[in-house]
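Common to both upcoming complexes is chain A, partnered first by chain B, then by chain C.
After this line comes the complex of A and B, so read on.
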């Protein structure tokens, strides 16, 4: 698991890569943590770009759920975008759509969160 | 450890500096080793030794010979015009074979007539002195460590110019002197000290200059060199460290501060020693003498003038011949005044290396490296000897560093052993701990197993359904669960669930979930949706770790085949249809796992089973089992596997077949997740 980030205006893209399972879920949680505070304070919105994520176990879903519980009540906005087939199935079975909006593409996710960011993303 | 090394190094430096007997004898051993390994190869042959040897005594009679005979020898040698003649002997007393001495004895014995006749005969000492004078012979003088008040009385000595200071105070002192009979001594062209410097019985050097009877006198070899030259003056170069070199006949002989001249010996077997008798009786070609330096000395075993050198025993006269050869071959050894500093430096370097090697390397490697460095040290010593003629004592640094290395290594090994002991104890403790933990986990596993219901008990005597289930934790205990129980005579509640995570934390949450869901299901009177919603509310209150559990639950009316089910973030059940032998997955809008969102109301689905239909409920331990190439088992293979089951196959066998297929697929890989299968067939 590796986490890379990029930014489009006020949207921060978090891009986990590889597999998130029981063994490295804690690592994933630690990697994500620094970006939550700002989002929580109503600042940047977060999009998890799942295009490079091959697998996520229930332990990984729990991390995402904790993000939701952490950020959601304070009005921060988080979305998931562009999951691969396997991850998409897992999210579907878990009904994760009730936790986060899930978008088919990163562009759609950004567009839903911030017009400014969508414009910035279109330019890249 | 390093401090210990540094202290030991200082101690070794002190010992090396102190010139103890051990240190000196070790040094001699090293120098002898150089000589033995690389003996001098003889080049110039202008020095020849004529020896009063056993053969000569056998032919000419016992020693001493009458000096008239010696005079004859000197005359015959001189006739061949040698470059120089030197005699390694001291004629301290009058020749008692001289007729004049015999005359006195005859007179004392009462043969007056014979005595007067003998008295008219010539004095052999005078004849010998004359020959010595004519031939320009160099004679030996002996330096004695006797009474210092006996000053050397003579007024003829080789002129020594001392450059850079007085040499006398530095030179090896011989307080008194032994010279030949005055008449003979005075006739000699020059005088050289015969003494060789023997340390523990081995001769390694001769004095180039010595302080004999309060005067500076050259060694025999230096004096012979002076005689062969036009320059009658010896120049002694003196520095603050003592004598550094003696300049003679246009050549410089390097010396130690005390005037010692280290000799590089050649193999004594290879030096020809000619019997005097062979020259006298003409066996030795006389022209051999012409232009050469002739050294005459005693070599007969009875005359006891044999010395031990690093290359073995040889006649004393050969040592002087070797010294002269050293000059003519240009092979001059020296022990420079700075050599002690170099040796101290080597000691420090070797000790530092020992300290670094022992502290940084494994023991075997450090021994090998240290051995290599010792070899390098030895090579430095031998190289300096061979190419520069420097005598460096590389043995003492080696020995000193060896001691430091051995002590450091033994301390290090001792420490390592101590560490191993500590580790062994720690390991034993941790194993004990592990065993206890294993024991507790094992108990937990049995408890968890015990919490899962047994179809034979719950459904005893029930013929309308055939139910089988299994749960395989990935570790000792797991976070998967299944449950089934009767709501009443007709209705059976069943569920399969999966707690996020694995192991002990998940298993605790699993136990809690199972109990609360059962409670809620009984309360909700057969509505699994309401049951799950209710259970979620209660679970959320007892969930500090924010875990969640996905559940698929259903209620089957065993009389009518009516199934009410719902899903909380879990895969829908697979329906194995009896009629058409097809497998399909039931779908529902469902909701997220319990405890993921607060206050969610789970929608329910209804379906009516046909007789013989079976439902298969699984957790992701089945579909997400990975093969060797990281491909998941997947629902397609699951559907195929279920479809291949014969119609009416016992639930128990379906479960077992599926488990085996997953196992085969994962081909020995450790299961990544807990695995649960529940199969229920309705057959009213």
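After this line comes the complex of A and C, so read on.
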């Protein structure tokens, strides 16, 4: 698992790569944690670009849930975008697709979260 | 060994309603499109062609599973059960029909815990009323007898526990210790549930069955995962509390004491188990919903198999038998 990040205005883009399972979910949580502070302070929103994520276990989904519990109270939102087929099916079977908005593309996800961020994303 | 499911529903027994039954019959008739059937058998094989949730019902009795030891059924005098939900009534009736009132049997019952859905069948378990029988109830809880007494005390039931004809014994088991009971090697494991619950692992002749219901998994701590992976290790069958979806367990139903199909698949995969039986079905779910969950769980196993040998998945139903 590797996590790369970028920012478009008030939306933070997190891009986990590889597999998140019981062995490295904690590592994933630790990697995400510093960005939560930003969201908490500024009410920023978060989008997970899942295009390079191959697998996520229940432990990884728990991290997504913790993220949304942290970001939500400060007005930020959490969305998921562009899952690969397997991850998309896992989100369906676990019913997480009813917990998080899931967008087909990162652009659509950002547009749904913030017009400022959408404009910034269009310029990238 | 053979495992027979007498009750697979969680929390509260349910039944098909008249409206549901009529809807299903009409739907099957429409699907037949005027086909002619020479008799019952041909008609029944047509039903097998219909989608799984149409002509099948998972049943509505609360938790009760029998672990049948090898040997001819009509000669057995020792029986092993897990939990005494409403499903046990039918087990008692069938036994009575086979063996008659002078059966002289011993029943070894392993109690996951003492919530009402897991004990409610006992007052209707006819063999407990027959002298000559012994009912030995094992469990991890200290207050086993008190729970059964209270259930049958006035004003809840007309016959107190002390009036039963069978000899009644209560045996408290320690978790994580091996016991030899009724020819089975048994180990109990404490689980996360309101008031605590116990899973049981039964081994005999190189075969292993795990009964693990009313158990919530947060899977936050490494030791928790390792503990269950060990408990399920190489099991031929894991009977698993899959009452809720994973999302529900992590949101609105957190701390309600139940688990999900997703965690069942993950733990069985990590443990190298061969067969996962989804159990303790949510009473709100109709047959089509359970059929959908079964199909999705099979799909999940398939897409996450990653070179492991396949894990069979079955949504357990009242009447299901699994040969090990």
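As a working rule, the second predicted complex is superposed on the first by the 122 of 124 C-alpha atoms of A that agree within 3 Å, B and C clash if a C-alpha of one lies under 4 Å from a C-alpha of the other, contacts with A are read in each partner's own complex, and residues count from 1 in each chain.
Note that in this section contacts are C-beta pairs under 8 Å (C-beta built on N, C-alpha and C of every residue); 3 or more make two chains touch, one makes a residue touch a chain.
Everything quoted here is computed from the prediction, not taken from an experiment.
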### Task
Specify the outcome, clash or fit, for chain B and chain C once both structures are aligned onto chain A.
clash
### Task
Using the superposition on chain A described above, determine whether A:13 touches chain B (first), chain C (second), both, or neither.
neither
### Task
Check whether A:98 is in contact with chain B, with chain C, with both or with neither, and answer first, second, both or neither.
both
#### Entry: Touching partner for A:62 - first (chain B), second (chain C), both, neither
both
#### Entry: Clash-bearing segment of chain B, relative to chain C, as chosen among 8-16, 170-178, 296-304 or 620-628
620-628
#### Entry: chain B and chain C contact sites that coincide on chain A, given as residue numbers
22, 55, 57-59, 61-62, 65, 86, 90, 93-96, 98-99
### Query
Touching chain B in the complex: which residues of chain A?
21-22, 55, 57-59, 61-62, 65-66, 69, 86, 90, 93-96, 98-99
### Message
Applying the document's contact rule, which stretches of chain C touch chain A when the two form their complex?
### Response
218-220, 225, 245-248, 250-251, 260-263, 266, 270, 296-297, 299-300, 303-304
### Query
What part of chain A is in contact with chain C in the complex they form?
22, 55, 57-59, 61-62, 65, 86, 89-90, 92-96, 98-99
### Query
For chain B, which residues are in contact with chain A within the complex?
498-502, 546-548, 550, 567-571, 590-593, 596-597, 600, 620, 624, 632, 672-673
